[in-house]
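These are the structures, in C-alpha cells.
Two complexes come next, and they have one chain in common, chain A, joined by chain B in the first and chain C in the second.
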Partner chain A sequence: MIQALIRAKKAMGYLSLVLVPVSLYMAFVYAPEEATGVFQRIFYYHVAAAWNGYLFIGLVAVASLMYLIRKDEQWNDAARTAGELGVLFITLTLILGSLWARPAWNVWWTWDPRLVTTLILWFIYVAYLLIQAGAESNQRLKRFAAVFAIVGFLDIPLVHYSAILWRSIHPNVIRAGDPGMPFEMLLAMIASVIAFTPLGLYLWGQRLEVEQLKRRVEKLKESLLWT
Partner chain B sequence: MTYLFAAYTIVWIGIFAYSYSLGQQAKRLAAQVETLEAALKSQGEAASSKSKAAGRTGRA
Partner chain C sequence: MREYLRVVVALAGKDVLLERKSFETLVATASFALLVALLFHFAFDVSSAEGARFFPGALWIAILFSGTIGMARSARADEVDGRGRGAALAPVDRSAIFVGKCLYHMALMAVVEAVATPVFVAAFALRGIALPHLVILGLFLGTWGFVALGTLLAGATAGERSTGLLLPVVLFPLLAPVALGGVAIVSAGVAGEVAASTGSWIRLLVVFDVLFTAIPALFYDSLLEV
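And then the complex of A and B:
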C-alpha cells in the first residue's frame, strides 16, 4: 500500500494542479458573496483543511492499528508521516478559523466547544509526534505511540458533535439533509474538499518517499560497515 | 479583504514550504544513496580483486 502511494504521488500532484484552480474559481467567482462580507470566502478552505486534518488523523489511527497487528516498521512510518500532515492541516484549520472569527465575531479566539475540542485534537497529535520523535528504535515507545494515536482519534467525533451537543456559536454547516447554505456555496465547499484530498495525498507520498530514502541510506551505511 | 488575503496566502505558503522542504530532503537523500552505492560497489570490487590476488599467491 505504501509503495502504491509513493507511485501514485505524481498522479495526485497533477490532479491537484487541475482541481486547485477549479476550487479557487468556485470559491472566489462562482459562490455568491454573503451579506456578512468577502471574508466569508475563508470558509471554503477552512472546511477543506479541516477535512484533510480529519482524514490524516484517521489514517494515523488505521496505520497505528496495522502496526500493532503486523509489527511492521512501514506501518509506523505511515502513521508518523500521516500524523505530521494531520497536524499541518489542523494548524491551518485553526489559523483560518481565527482569521474568519476576527471580522465575524470580533475576536481572534473564543472558548467555544468546537474550537476547544479542535485545539485539544491539535495538542494530542503534537504530543504523538513528540513521542514518535523520541522513540527512534524503542519498540515499546512506538507501541505506546500507536495506542495513543488510536485513543486520540476518539476526539474527532467529539469535535464534530461539539457544535450540536453543547451551546456553540460555531456555524454548524455539515448536517444531514440540510446543508444550511445556498446550493452554489455548497458546491464551492465540496470543490475545495475534493481539491484538497489529492493535494494532501501528494504531500503524504512525498513524505513517505523521504522516509523510504532515509531507511535506504541507513541500510547502505550498515552494509558498508560490515563489508 | 485583508483577512481573506492573509488566509489564502498562509495556506499556500504553508503547503508550498512543506512540499519544497520535502523535495529538498528527497534530493539530498537520493544523492547520499548514490554516493553510498558507489562506495559499496568499489569496496566490493576491491575485496574481490584482493581475494583473487591472494588465491594466485597461494597457488604459486
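And then the complex of A and C:
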C-alpha cells in the first residue's frame, strides 16, 4: 500500500506538472473577475489548499488506525508525514483565507463556524506533530500519537457543531454558505482542486521515500557497525 | 459488570487514599483555581455590574487550568513512583485502570469545583444563581469530558521531559466543545434563561463525554504496552 504510493510518486509529479499550469490558466485568465477585484482569485487556491488539508488530516487518521492494528512502523511514518502535509495545507488555507477576507469582508478574521473549526483543527494537528517530534524511537509515544490522531479526528465534527451553536446566539455577520457563483468560477475551482490533489500526493510520496531511505541508512549503519 | 465496577472503584479508592495522606494535589489544584479569580480581577478589573457576564468564563478557565495541572501532577507521581506500572501488572481489564483514574480525577475536580464555585460567586458579586441544578449539570458534563481526555493525555505524556508544556498544548485544542458548551450551560443557569440551544449544548456534551470515555478505554491497552 505504502510502496504503491511511493511508486506512484513520479506519475503524480508529472500529472501535477500538467494540471497545475492548467489550473493557473483557469484561475487567472479563464474565470471572470468579480466585482471585489482581483483578490477573489485567491479563492481558487484557498479551496484547493483546504481540500488537500482535509484530505491529509483524514489520511492521518486512517494511517494511525492502521498503525495501531498492524503495528508496522511504515504506517506511523505515513501518518506522521501526512500530518506534516495536513498542517502545511491548513496553514496555507488559513493564511490565504485571511488575505482574501480582508478585501472581501473587511476583516482579517471572523469567528465564523468554519473558520473556528479550521483553526482548532490546525491546533490539534500541530499538537500531533509535537507529540510525533518527541517520539523518535519511543514506541509508546508513537502509539499515543496514533490514538491522539484518532481522537482529534473524531473531535472535529463536535468542534464544528459547537462552533455553529456558539455563533447562533450572536449576530451573524457573514451568511453561511457561499453566494452562488458563475459556472466559469466553479469550473476553475474544481480545476484547482483536481490539480492540487496529485501535487499533494506527490509531496507525500516524496516524504515517504525519504523516511524509507532514512530507515535503510539506519539498517546499513547498524550492519556495518557490527561487522 | 459488577466485578468491573468493583475493580474501578478499588483503583480510584487507592488514589483517594494516597491523596488523603497529604492532600498535596488537592491543595495545589484548588488554590491555583482560586488564584485565577484573583488574576481575572487584576486583568479585567471586573465591576459588580459585569460580574454575571464574566463569571461562567472565569470559572471554566480556572477549572481547565487548575485541572490540567492537577492531572499532570497525579500522572507524574504515578510515573515516578512506578504506581502506573504496578496497576498495569494487575490482572484486571486495562480499560478499568483508565476508568478508575478518571473517577479519581473526577472526585478531585468535584472538590475543587465545590470550593471554587462559591468563591467565584462572591468574587464576581453575583446576586444569586437562578437555576443551580443547571449550573451543576453544566459543570458535571463539562468536567467529565475534560477529565476523560485529560486523564488519557496526562498519562501518556507523563514520562516525557516537556510534559508540563506538552499537556495543555495537546489537550486544550480538543476541549473546544467543552469550553464553549460548559460556559453556555453555566451562563444559562446563572441567568435563568434556558434557550433552545441549551438543550443542544447538553446533548453535545453528553455525546462528547461518552465518545471520549469509550475511545480512550478502547485503546488504553496499547498505550500501556512497553
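Observations, loosely collected:
Everything below uses one rule, namely that the second predicted complex is superposed on the first by the 202 of 227 C-alpha atoms of A that agree within 3 Å, B and C clash if a C-alpha of one lies under 4 Å from a C-alpha of the other, contacts with A are read in each partner's own complex, and residues count from 1 in each chain.
In this text, a residue touches a chain if its C-beta (ideal position, glycine included) is under 8 Å from a C-beta of that chain, and two chains touch if they have at least 3 such contacts.
Values in this document were obtained by computation on a predicted structure and should not be read as measured data.
Of the two partner chains, chain B is the only one that A:100 touches; chain C does not reach it.
When both complexes are overlaid on chain A, the residue A:30 reaches neither chain B nor chain C.
Contact with chain B, but none with chain C, is seen for A:216 once the two complexes are overlaid on the shared chain.
Once the two complexes are overlaid on the shared chain, A:130 sits against chain C while remaining clear of chain B.
Contacts of A:49 after superposition: chain B is touched, whereas chain C is not reached. When the two complexes are overlaid on their common chain A, residue A:151 makes contact with chain C while staying clear of chain B. Looking at the shared chain after the overlay, A:162 reaches chain C, while chain B stays out of its contact range. Residues of chain A that lie in the contact sets of both chain B and chain C are absent, per the superposition on chain A.
Against chain B, the residues of chain A that register as touching in their complex are 38-39, 41-42, 45-46, 49, 88, 91-92, 95-96, 99-100, 102-103, 199, 202-203, 206-207, 209-210, 213-214, 216-217, 220-221, 223-224, 227. On chain A, the positions that touch chain C within their shared complex are 68, 116, 120, 123-124, 127-128, 130-131, 134, 139-141, 143-144, 147-148, 150-152, 154-155, 158-159, 161-163, 165-166, 168-169.
Here chain C touches chain A in the complex through residues 149, 152-153, 156-157, 159-162, 166, 169-170, 172-174, 176-177, 180-181, 184, 195, 197, 200-201, 204, 207-208, 211-212, 215-216, 219, 222-223, 225-226, going by the rule given at the top.
Those residues of chain B that touch chain A in the shared complex are 1, 3-4, 6-8, 10-11, 14-15, 18-19, 22-23, 25-26, 29-30, 32-33, 36-37, 39-40, 43-44, 47.
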